[in-house]
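Below is one structure; the comments refer to it alone.
Naming follows writing order (A, B, C, D and E), and every chain is counted from residue 1.
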């Protein structure tokens, strides 16, 4: 049987990524240990190629493989973002893995395979494909989270992630099965047709929808399905945490949005209010609990929950009843913009945690940041930038992200939601600024001076520079990103 | 409009940032020289604004517009009118002084300090010249970070608390501002964040009411109005001298400027409706702030509370909605900037010697520091509102305006003048004339030329504005008249005696009521014989 | 424009001294004295120019404009102003000269000259103002100078406190003044004198609703209100009851200052203001009555306190309070000419008395308690004789200037209806008291045994010429001003006002009564302090309550402390701690703490138990399903 | 004459809930994994029943993939359990809670 | 008849499933799961999904469950408490969830999609050959993903559980 060439071209980026991943597994044993960086560079190069391919072919909607896969602007946007953050994760990991004594080339392979899963998620047009993408991503991440398996916390994080991940995918799968029962197919278009035919408040679809929301809510870390996040983020190796917090979240949001809008777009009244509740809970809980954290990694985990809450505003707007198509699209694009911006600043923040070492360990405690500005001005300044951006204060990209989200919310008549979001943005400023405070305004104790250091590899520097550049450039000149998200928006 | 196309404002705004870049390049010891040079240059560059300014038009001048973001349409649009020009000049004048006062007192991390200061200058100037609401907000918020660092890094013992409090309080205040901006944008429906466009649009009264309070939250915290003032004493006390100066002289003006630039022109109906509330708070601030100042043993805290009182005059003047009040308020903003800034500089100078801000530690300075004492007396008396000095002019016009609005308000506000005299003089009695504190005697020496050079221009301004305020007032007239006319229009449209309406207006009146009438004076001889 | 130099010369002197004072030091007078001297000459020129009935109006510049309020500064010289100009420049000039001797060797020599130059400038501008704002500006400026000069010896705690007190009490008065000005603008729409004066009559019926804000209706005559508010300012500046408390304390300043500012010129600004604004006051009888009564009360109260004071300067100070009361009373009764006339003669003889006191004080090494003086008349003849002349003038002894002016004053009061007659009688009584205390002062200080501290007793001698010469000049003026036809000159400035003409029997009666009262007073003083020195003690014991009241200034200061000063400080402190810190700030921080507390609580959900997490997800699903079920 | 598809749904629902409760209540990690298998099997029953009901193969194909995924998950899961056991000498869920709050 | 067969299978499946959760010993649990797998396979057969029935037995019973038993034996855990503290709550929630689903179905009406008369449906369902065909044509892409998942699982399991991969460094 013949596979049409066009189909293969459509999934060229996936093919490239998978090939390189397999190549890594093969090459790893035969590469001398001092040349293993080459493998990482190879991965980065592959991602660069993919970036060019995807960016070059960005445009019209193309379906492939019996319409199971769709590559449209929306998918391409997420893929571009995923390439960038994966590349940055790999670059960050080169030095980090050595510091943590876990530098196996398999690591990059898993990152790439996980990326493949994410790419599949965002371009899946069938729940089956999306489900498989999720599983590919998740299983890779289970392994990555436990990569530091000689450390109890790492393996515990992996175990928690796995148990809860499997549980949630069980729920999701059951939901899919019910949808299948309702629609006779798992294709999004046919689901949409069935939804249209059945109208609102159909019991079977509602039950299915509940489970789908739980499943995706888990992946995007929305309250009350978020509880794995802090533990897993804290225990996992930091570069993995960054990858999870950024890439996995972005891809999950990408798929979530597509499913909700393309599949369940016909029953917005049934889910937009629900998402709204989840969104508010997420905003509140993420920000509140982050206040009392003293572990920076854990704090960033809660902050990532909070940011999921912000991103959900976009989904709420997109699904808000009575909004015109244009407004709805603005919700989607603002969420895309927000996640793109979020990726840069969160990656930057986690990178800083990754390179800060105390003794042989990660300097992930708040105290480890004490007096950083005295010893490493540049690093402290970059951290300041990331924190300010996370808090959403101009002129950083974080502000632009929030601005567009709130624009969308107000446009949809959800002014009060914007107010809630902003109130908690102010609350979040407290804990972000606390890091700035310890860096700039506290004197380090003598033993700290001796113990803490920056493991600043050249590649990590590149990552930090990229993240900072993203934060600053998209803060001052956001138009390219804004126009990209506007053109790649879903409906 | 005679800028001749030369981007004066952009130059003014961007120069400090170039200075920041330069500071990165030079070695640490030179940082302050660069900062001084750059900030002085900014001041010089801002002077043409004054010279080329056309007083006859209320329109924005030196306007530059460049597209920043296409959708929604957000522009880099800057310009000044008679309201913002004095504040721009005030900022450019004070920044070099802040560099100077930090010359020797900032020993650690001088480079970062100067960077913060210059970033601060850009942000503050940006706030005053922005013609696009989003741009305004960007600058408005950006300012927080350098200020946070200034207080938190180079401040006093309790600096961290003060810095965080300052940051969060003012940030929390401006939350609603952003939402309000967005709501305005959608209601105006012209795909523009341009302040002029938004000012010309009409908004339904119920919306105005909401927006008014949203604006109010942001601006009142910044002013700060009672009861949102408690961040101010903490921030002032803990901040380094330069920080206090910037905070008092420039930052506090943001709120009042916001009222003038946004609340009044964009929300005229709501302004009319709620003006009595704001006036009430202003009067409370005037008297309450003065009372608080009585109780302070810390010089900076005393001045901080006096700021609350003085800024009460500003809001009072703004919300009486007549030319005298508003012009007085703007003058008072400038004057407060000069006087309080100078007072903080004075405190900084003596702090450098005694390392204490307590009055008991800094008493009887006249004997050992006569020149210093002279300056301190000048600025303190200016703060009292002594006629012939700057503050009096502003307060007088504010009181005139307030009196036209409501006699009781003006009377209560004038009461603040007595209290100001009492606490300031009591302070002087101890600090300048008191028995010298023995344990500090060895540390005291009179001001050097650098310090004199810092205070002399401010002293000159104190008297210049006090004796000949006309040039400054003339700059404002056109813009303020424009503002007042818009209010007057609304006043006419409003029919029937509403409970919020400041004075009974009979519905058949077409023009604004005559002046006497407005002042509540009834002239029998003018009334027609038969009714 | 030449006359603009009258105030500008002292200003110039001030600027030079202010900037170069530390260089000039002991030569500071070389700048100040010529400047004031030239001012004096120009004032004479101005005087002669307006003597013929002309009025000079010199616009200076537009100060500022806002809305419909435009303020133009200018100089306005009519007869009233001209007379004041002469008074100010003469007394100031003499005090300048006197200061050379008095302040010799003081460290603040240049500063002192700078300040009195500034004062002279301000006072001249005040009297030459042609609008309310300018009046107010310099009204405050002279207050500032007073503040600075009272606090000249700031090392002394009492001086510091007195300076602050003077300023603050004046501020209370200025509060009313400012409101008055605002009301003037509200009613007339301008602050220039001329339009206001010309329109004053037509606004007589204007009313203002005092309770308008609160929805009530309390219509008050606008003119009365204006006059009363402005008068509050005058009460403060001219030390009228109840704001008289600052003036005696102000004696902490160097004596030349007491002479110049707190006797001859500044304190009379209130009287001057009432006279200057006569066209306004004339419209409001109510306000006039208030002015008169306040003046009368002040006159009497001041005199009663002066009776028992032991500080030589305080006696004179309270006599100033009392005399100011006379003037104010006269103005209130429409006798502007008499009031101003008395102002001028009082300026001369009171300055003389103060400078005489200064001379004495210098001689006895800054001792001010007259119980430690005595027997000075032989050692200090010039001082003694000039002091006698001053005291006679103060007591209204015939043939002195004080006699003529007080007589004119009482007469004009008598002519002003029932209120006026009552006050005139009080005035005659007070004249007796005045004579008593002024001669008590003379007798105790100059006569009798020397009670001076033995250490200094040997050094007591007459002062140098720079000190005595002004005394002599002032002594001459204290008599001469009675014969210069001043009332007739002043009459031109008050066209509507009744002149202090003699009206046969009444005039003679009043003259006789006043003279008699004076003589009785002097005699009583002679009896009590020369003939039988034990007599005062007996009286003291007999009328203990009265004596104590008088000695303690009727406890006004204490009452103010209790009623205003202490509560203010206490309230401030309490409000700061209980309201600002405990409530407002606590609420602010409470919000932050609240968020953190919820954070702590919410954190506990995160137990670390994997199955709790799964449970949470299940709960989420249940909630969603419940929501579907219910809605 | 076939069994109505609703019967299968009830059956699968029951099994699913049993599995779900099992995940929530059992302490033994392995049994938790077994319970997850129950949930997956419940899903599979659904798919197959629907597939038969509709007369198409999509459901069966889905089951095929679900099975594969289940196998993969089991492999990783058991590996994790073994790694955990090495650290804690226990496969009791309660015993690993280093990460909390 | 078919209904009785179904009920038999259903009863055994539910019972076995319950036993999996209830039994104390993991080995017994696994064995009862085995019973359940067999009956599910039986159910598949009644639904004409013979291929899946076969895989169910081969993969689930043959491979997965053996793996479980292997691990259970390997770890040889001691006897311990079966249920944790949230047991009651969890059970309650499970019941609530089911009840709610049923209530929802009852109150809103409940319909499954009607049989698809399309070409795919026309084919004999359960035909192994047609499954193979579909897998390699329509579902080629997911098939490849599945292979990746297995790859990841394989390598991942090795990485996570093999001793001395990293410790040696």
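Odds and ends about this structure:
Following the convention adopted for this analysis, contacts are C-beta pairs under 8 Å (C-beta built on N, C-alpha and C of every residue); 3 or more make two chains touch, one makes a residue touch a chain.
What you see is a predicted model, and the numbers here were worked out from it, not measured in a lab.
With steps allowed only between chains in touch, the distance from chain B over to chain E comes to 2. Shared contact partners of chain A and chain B are C.
Of all chains present, the one whose mean CA position sits nearest the global mean of protein CA atoms is B.
Ranked by how far their CA centres sit from the centre of chain B, the chains are topped by E.
The greatest number of inter-chain C-beta pairs in contact is found between D-E.
Chain centre most remote from that of chain C: E (centre = mean of CA atoms). Inter-chain spacing, taken between the CA centroids of chain C and chain E, is 102 Å. Inter-chain spacing, taken between the CA centroids of chain A and chain D, is 26 Å. Centre-to-centre separation of chain A and chain C, using mean CA positions: 77 Å. If you average the CA atoms of chain B and of chain D, the two centres end up 66 Å from each other.
Chain contacts: chain A has residues 128, 132, 135, 139, 142-143, 146, 149, 155, 158-160, 163, 167, 171, 181, 184, 201, 206-207, 230-231, 430 touching two or more partner chains. Residues of chain C in contact with two or more other chains: 592, 603, 606, 608-612, 614-615, 618-619, 621, 625, 628. In chain E, the positions touching at least two other chains are 84, 86, 90, 93-94, 97, 101, 104, 107, 110, 112-113, 116, 138-139, 142, 146, 149, 152-153, 156, 159-160.
Chain pairs that touch one another, listed by label: A-B, A-C, A-D, A-E, B-C, C-D, C-E, D-E. Against chain A, in their complex, chain C makes its touches with residues 592, 595-596, 598-600, 602-603, 605-606, 608, 610, 612-614, 616-617, 619-621, 623-625, 627-628. Remark: chain A residues 1, 3, 11, 18, 22, 25, 64-66, 68-69, 101-104, 106, 109-110, 113, 116-117, 120, 126, 128-129, 132-133, 135-136, 139-140, 142-143, 146-147, 149-150, 155, 158, 181-184, 194, 198, 201-204, 206-207 touch chain E in the complex.
Within the complex formed with chain A, the residues of chain E that make contact are 101, 104-105, 107-114, 116, 136-142, 145-146, 148-149, 151-153, 155-156, 159-160, 165-167, 169.
Residues 5, 9, 12, 16, 19-20, 23, 29, 32-33, 36, 39-40, 42-44, 46-47, 50, 53-54, 56, 58-59, 61-62, 65-66, 69, 72-73, 76-77, 80-81, 83-84, 87-88, 93, 96-100 of chain D are the ones touching chain A in the complex. Put simply, chain B touches chain A in their complex at residues 68-72, 109, 112, 134, 137-139, 141-142, 144-145, 148-149, 152-153, 159-160, 163-164, 167-168, 171-172, 175-176, 178-179, 182-183, 185-186.
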